[in-house]
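The following pair of complexes shares a single chain, chain A, combined with chain B in the former and chain C in the latter.
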Partner chain A sequence: MQMKEQISAFQMALMMYPTVLATGFLALPSVSAHYAGSDMWLAPLFASFSGFLGIFCAVKLHQRFPGQTVVQYGEQIVGRWLGKLIGLGYFIYLAHRLGTISRQYAEFVEGNFLFRTPNLIVICTIVLLAGLAVRGGIEVMARSAVIFTPIFIFPIFFLLLLFPDLNYHHMFPVLDHGLVPVLQGSIAPQAWFNEYFLISFILPKLANAGEGGKWGYISFSAVLVSLVYVDLICLFLLGEDTGSKTYPVLVAFRFLSVADLFENLEALLLAMWVFGNFVKISVFYYAAVTSFTQCLNLQDYRVYVLPVGIIGIAFSLWDLPTYPSLVQHLRLAAPFEILLFLSAIPLLLLIIAALSGKSKAAAQGS
Partner chain B sequence: MIARLMRLSLLLPLFALLSGCWDRIELNDLLLVTALAFDQEKGQVVTTVQFLLPRSQTAVGGTGGGSPAAKQTSVRAGKGYNVADALSKLQRKLPRKLFWGQCKVFIFGEELAKSGIRDELDFLIRHPQPRERSYMFVSRGKAADMLEVYPPLERSSAEVLRELSDMRIGYKVTLQELNMKLKGESRAVALPLVSILQPNKTADPFQTISYIHGTAIFHKDRKVGDLSEKVSQGLLWLLNEVNEFTVTFPIGDSNRLVSISPIKAKVKLIPYIKGDQWTMTVRVEAQGDMVENDSNWNPTSEKLLDQMDRAFEKEVKRYIDLAANDIQHRLKTDVIGFGTAYHRKYPKHWKQVEDRWDEQFQQIKVVTKVHARILRTGNVSNPGGLPEEEIKQK
Partner chain C sequence: MTSNANPSSAQLLKQELQKLGKQPVGAELEHSSEQLRQLYAGCSDVVFRPFLIGGQTNAFLLYIDGLSDAEAIEKSIIAPLMQVQMQPSAAEGLPKLVSQTITVSSTKPVTTFAQVMEAVANGMPVLLRDQEAGGVAFGLPQWEKRTIEEPGAESGIRGPREGFTETLRVNTSMLRRIIKSPLLKLEMMTIGEYTQTNVAIAYIKGLADETLIEETRARLSRIRIDGILESGNIEELIEDSPWSPFPQMMNTERPDVVAAALLEGRAAILIEGTPFVLVAPITFFSLLQTPEDYYQRFMVSTFIRWLRYMFLLMSLLLPSLYVAVLTYHQEMVPGSLLVSMATAREPVPFPALIEALIMEITFEALREAGIRLPKQVGAAVSIVGALVIGQAAVQAGLVSAPMVIVVAITGIASFMMPRYIAGIAVRLMRFPLIMLAGTFGLLGIMLGIIAIVLHMCSIRSLGVPYLSTLATFKGRELKDVLIRGPLWMMDERPRLTGDSDAIRQAPGQMPGPQHGGE
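Let's look at the complex of A and B:
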């Protein structure tokens, strides 16, 4: 048996914030603006539905099967073999995401700060660090999130110093091209928000599981507000040009200049990015390792942390030779991958469980 | 215990990464670039960098501190098929690596500006080193010449240009704005035009500055014309960039002058469409303090002050109408942002004229409405140095 480790729902909320936004801040404004233009800031609002859905599914399923993750109750809901297949699917998906996230992180660091450092070194160092945290257990991860998440959030307030350069007229005319581009632009944020279903892996570890849903929604609302805020800053500063920037938020940080004194603040963004991604990668890492061990009914998960990390690193380089290919993947493939595993499957499981009246109590009773 | 130490020692290699992995750079391997100039020469682009000379070096090589305006910058140029190529060739002639963190000024040469700046712009906006907040200029003549001069004040001629722009007496366009305007509704932009100031009689031939004088008008990425210094002032009014101006205007029949400074102004563009007639109302609220009164009018008289206000309004209106007319009918290029204003207020009408905006722009009727007020009359009420009986009291 694994050690009895417990964290609080509040800690979970702090872990999930950077889990969505660490890559979200950098990628989403650009992707949304690519489709929705000056209505980009509406995209997160339209997408918010999927975040609430993810949390709702995770919480409802956890109420039926307390103490279990999606891999465990999946088996109980749809039967052993299909359940194992779903579990394996989750493992492969999560390991793959672990890879693409660390690659995204490395590409950003590489393209803007450490031009000559090999990609692999940047990826390996962050995965190794996250691996140490995962090996330390969920408590270690939660405690580091308590320290790192505020550091991650703090720098975005610096963007308010851009105030003299912001022009709110950029948001007009609203809905110039109708609703369709906005909905297209909301697909990517939807995928990112869906990651809230990952609380399925954390809920069993909560000391106050009843609070899980509440803190999940609070955390998600914070994500929503932050993303709309960052979208608006980008829009007011860059207008429709946001869509053509690789990292609009980076441009915003580079643009900061207060009294000729505070300049070149992008180092702040890098620090924020490292902290946020550490939390994000370790959450995905933890979920990947957990789904692996639970799928195969293995005892001590710690042994498998390193091998799973190596698989993740392999995924980070596999089939993604260049940055544009990563962008293509994130823009076109990843949303569907994410929607399948973090929205469609959970929803189906919940519907089947509800219709067949399956729950942990029912399983034990029979 | 020993096993533990062994394990800890495994962390030691991590220290090797602290210096920045493969990207470790020593300060004395860097060349601090202050400005970049782009010129065209036989179909190729010449990129000139202006860089700071490290201080210790100037002290040894200079005149020993005797001259207050020792040269603190130097320039070097590279020629290539495009900017990146030119820079790589330039780097071969420089013992230190170009560092752009302090580079805030980019100047396009006149000839290059006429044949298009898109290639250079793409490099600047794509490369991670140039900063989006950098200031953009166009030079009269060769851009490299603007960097050759060294100013009596400030460290470099680039710094002078930046300070001049910051004072907002001239017009300031950042790299990001330039990119946005060229992509924007009217695909046009106005950039400050710089030229070299004639050096003082006692100064060395190159001891001078480049300064902002006039405006260059770009349509798409090509320079299509210039605005004179006077019309440029009017453009600043239209762009709502008026700050620290001095407005001087004649009053009464004697045509004696009155000056108001600094001017605070708010300018609003209000688009309006009625039938086929597109009208743009330029509504101006201007105010400022009197700093010079050459007439014999007593400005504390309510009636006379009111007449002065009207003359002030007339002068502002003259500036604006002059610029609007010049831009609309001579250059036929919407650098004022009328297109953006119409797009925001009339998105449906905009779609109909989007493709032929340049023609439509010329058809727009500009109505200027100025409300100007003189707020204070300075430290004296009556005209200075004038006997009481010659003052016109009302």
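Let's look at the complex of A and C:
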């Protein structure tokens, strides 16, 4: 009955695009502008290094240990107990991220559309739907991503209608304050780009695993281009003001008015936000469930979808009483958390594996 | 079907029937005729016709009045047998006699009572002779059947006008007339304990994936039921996801649709007694296509397809969007429109959600009444519907005029779906969406869409993902989904399951003056 589930590398690329950008679109321009001012659009370019590193680590490690995720080969590289510890760490990190992402999602919906709906309901509905997707398996997630990702991408082209109001002089002078502010502004995008390491959980499911890396890089390049594009639009429209807005893109959408017909298009942004975050949450959810079951060597992951979701919902409210505390967490704590789990550990694993010459073949040979 | 200590009388009868069926038809005519008379006691339509072969040997003929051609029986079976002069020795037997004297084209030997019953029920008269075990069945079925007509539920402008009938043989012959190759296979089986309905699996060997046919066969033979009355019975017993509002098989009355499906490597299930033939596997998009898409010019078809997709979304979303915008997001409506809508809604006492539900449910009731009512009263329904629901309700201030417009457009949109079953599934989805819109606004609609898409992504039709081609993103096949590509570009068949012959036609057949042959 259970068929081996497989998706294509292209589907993976479509899944990863909103995984990084769903929250990135709204949050990143503001954060980058806060530090880098008129050079904010350079921040993603400087940050792109971490995305490429994430994909590189995931692909190289997967080449050494085909068919395994980071939790599984972690055990083989650093030994059973340390590996279990890493796996548990991944689970806690991913469940926590699942919570904070859903909280971010809910805060935006609530702050701008449904003002009086309780946080918990907005969070629960999306986590429940994502749970259904995860329960359906990676194939269902991939297929739904093929439909949702275009809905997610499409609205950003509407921003081109702002053309008459765009003023490209806002970007000059380039690098007026030197490189340091840009590098500071690139820390947040770096953290987001790091999420590409999550393909480690998807690569084992690819029918054409050899093309995983290629499509990973293509997907990431698309993310990079989109983010620079959105940064530039925000910069041209709002100038130095971008940094003081919570959601510059929302301002841009509200600003849109063409021929008295296309007005108040923030509904489009809401669509982007909901569909994109659905894909994002389900990818993190899937990774959390996978790391949980693999860490404990459990067979049927479907049983654990609901409990992991409840843990995620708990994380979404726990210790984050207000929106400012969420922002503080995202600005101060999250980058280190992300850097540790999605850059430092993978890189260390790769280095250790390379130095000790460990691979699946070697492990089976010994 | 629990077997308990005291079997009911129906079970006893069934067991007896089974026991008798396994017995061979004996040489003693008296005995076997007595057994058959008992078996068919109370069946006023069964005819026993005893006569003497060549004035000497006892024989009798068994058939069902109205199922077999009585005139032909008289002329080509009874008359020649009664007049036969030579006396065949016992060794030569019935088959020899039949081959020498009887002019009926198809004959079949029968040996057990089960075979006799089957032959008789299918309109084949059975001949039994004294001093000889077994008998012969003659292929002389003839019964009243509907003539071939234009299919009622699937009309079109261009394309063949004939539709399937209730008679399986007529239907298979229509398929065979279209696909003459012997590679078109029609496998027969009977389903239903009492109805013994003949069911045929049609497929083209080599084009249809072997495992697919095996799976179809296995699922059909798993059915244990008293009777099959319509293809819907079978559909419900063999589909992949029974808990889904979406049809996972297509039913059609048109031979050309079935032939096209067979040529794409799908399987068709024809059922005696219904003009609706099942086609599987399908994708959601097959339900949004008409055969005419392929008979018209491709640009026209592409345009019509886009129109259809647009109205599909409308029939799903329009009422809920209206409710959501009116209840939660008034700021999204352009100012002047908002004023006129507010004016229209001013006398209405209900919230938009209730108003929408009232109108939608009334519309569904009108639609259903329109189908069920006798034709003579049909006009009355539409008058009542138009006047009461449209005009009077607005004037009485029960509903607003914009809501009437929304519901009317939605209704038309749902009738644009070429397949009734697909349209009705979408219509069903509209109600939860209206509820969600009334409680969560736009967010609710989006959550609803996510749920629907997730569901559609997770179901399959005979193993083929329901949203195949789009959601599995097969680049080449998309030209038959997003648009209707020109015929000379569609050189390959859609890939369903497994590997089968992919090449449909020779490449490079784009016509033009240089290919004219002048």
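What we mean here is this: the second predicted complex is superposed on the first by the 363 of 366 C-alpha atoms of A that agree within 3 Å, B and C clash if a C-alpha of one lies under 4 Å from a C-alpha of the other, contacts with A are read in each partner's own complex, and residues count from 1 in each chain.
Methods note: a residue touches a chain if its C-beta (ideal position, glycine included) is under 8 Å from a C-beta of that chain, and two chains touch if they have at least 3 such contacts.
Keep in mind that this is a model prediction, so the values were computed, not measured.
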Contacts of A:F255 with chain B and chain C, given as first, second, both or neither: first
Partner chain(s) touched by A:L238 [first = chain B, second = chain C, both, neither]: first
Which superposed partner A:A267 touches (first chain B, second chain C, both, neither): second
Chain C versus chain B, contacts on chain A by residue: C
Contacts of A:T125 with chain B and chain C, given as first, second, both or neither: both
Touching partner for A:L355 - first (chain B), second (chain C), both, neither: neither
Touched partner set for A:A133, first chain B, second chain C, both or neither: second
Chain B versus chain C as contact partner of A:L114, first or second or both or neither: both
Residues on chain A lying within both footprints (that of chain B and that of chain C): 113-114, 117, 122, 125, 264
Contact set on chain C toward chain A in their complex: 328-329, 331-332, 334, 440-443, 446-447, 450-451, 453-454, 457-458, 465, 467, 470-473
Residue ranges of chain B in contact with chain A within the complex: 17, 20-23, 101, 128, 131-133, 176, 179-180, 183-184, 340, 343-345, 347
Chain B-facing residues of chain A, complex: 111-118, 121-122, 125, 169, 172-173, 176, 237-241, 244, 251, 254-255, 257, 264
Chain C partner contacts - residues on chain A that touch it in the complex: 8, 10-11, 14, 109, 113-114, 117, 122, 125-126, 129, 132-133, 136, 139-140, 143-144, 146-148, 260-261, 263-264, 266-267, 270-271, 274-275, 278
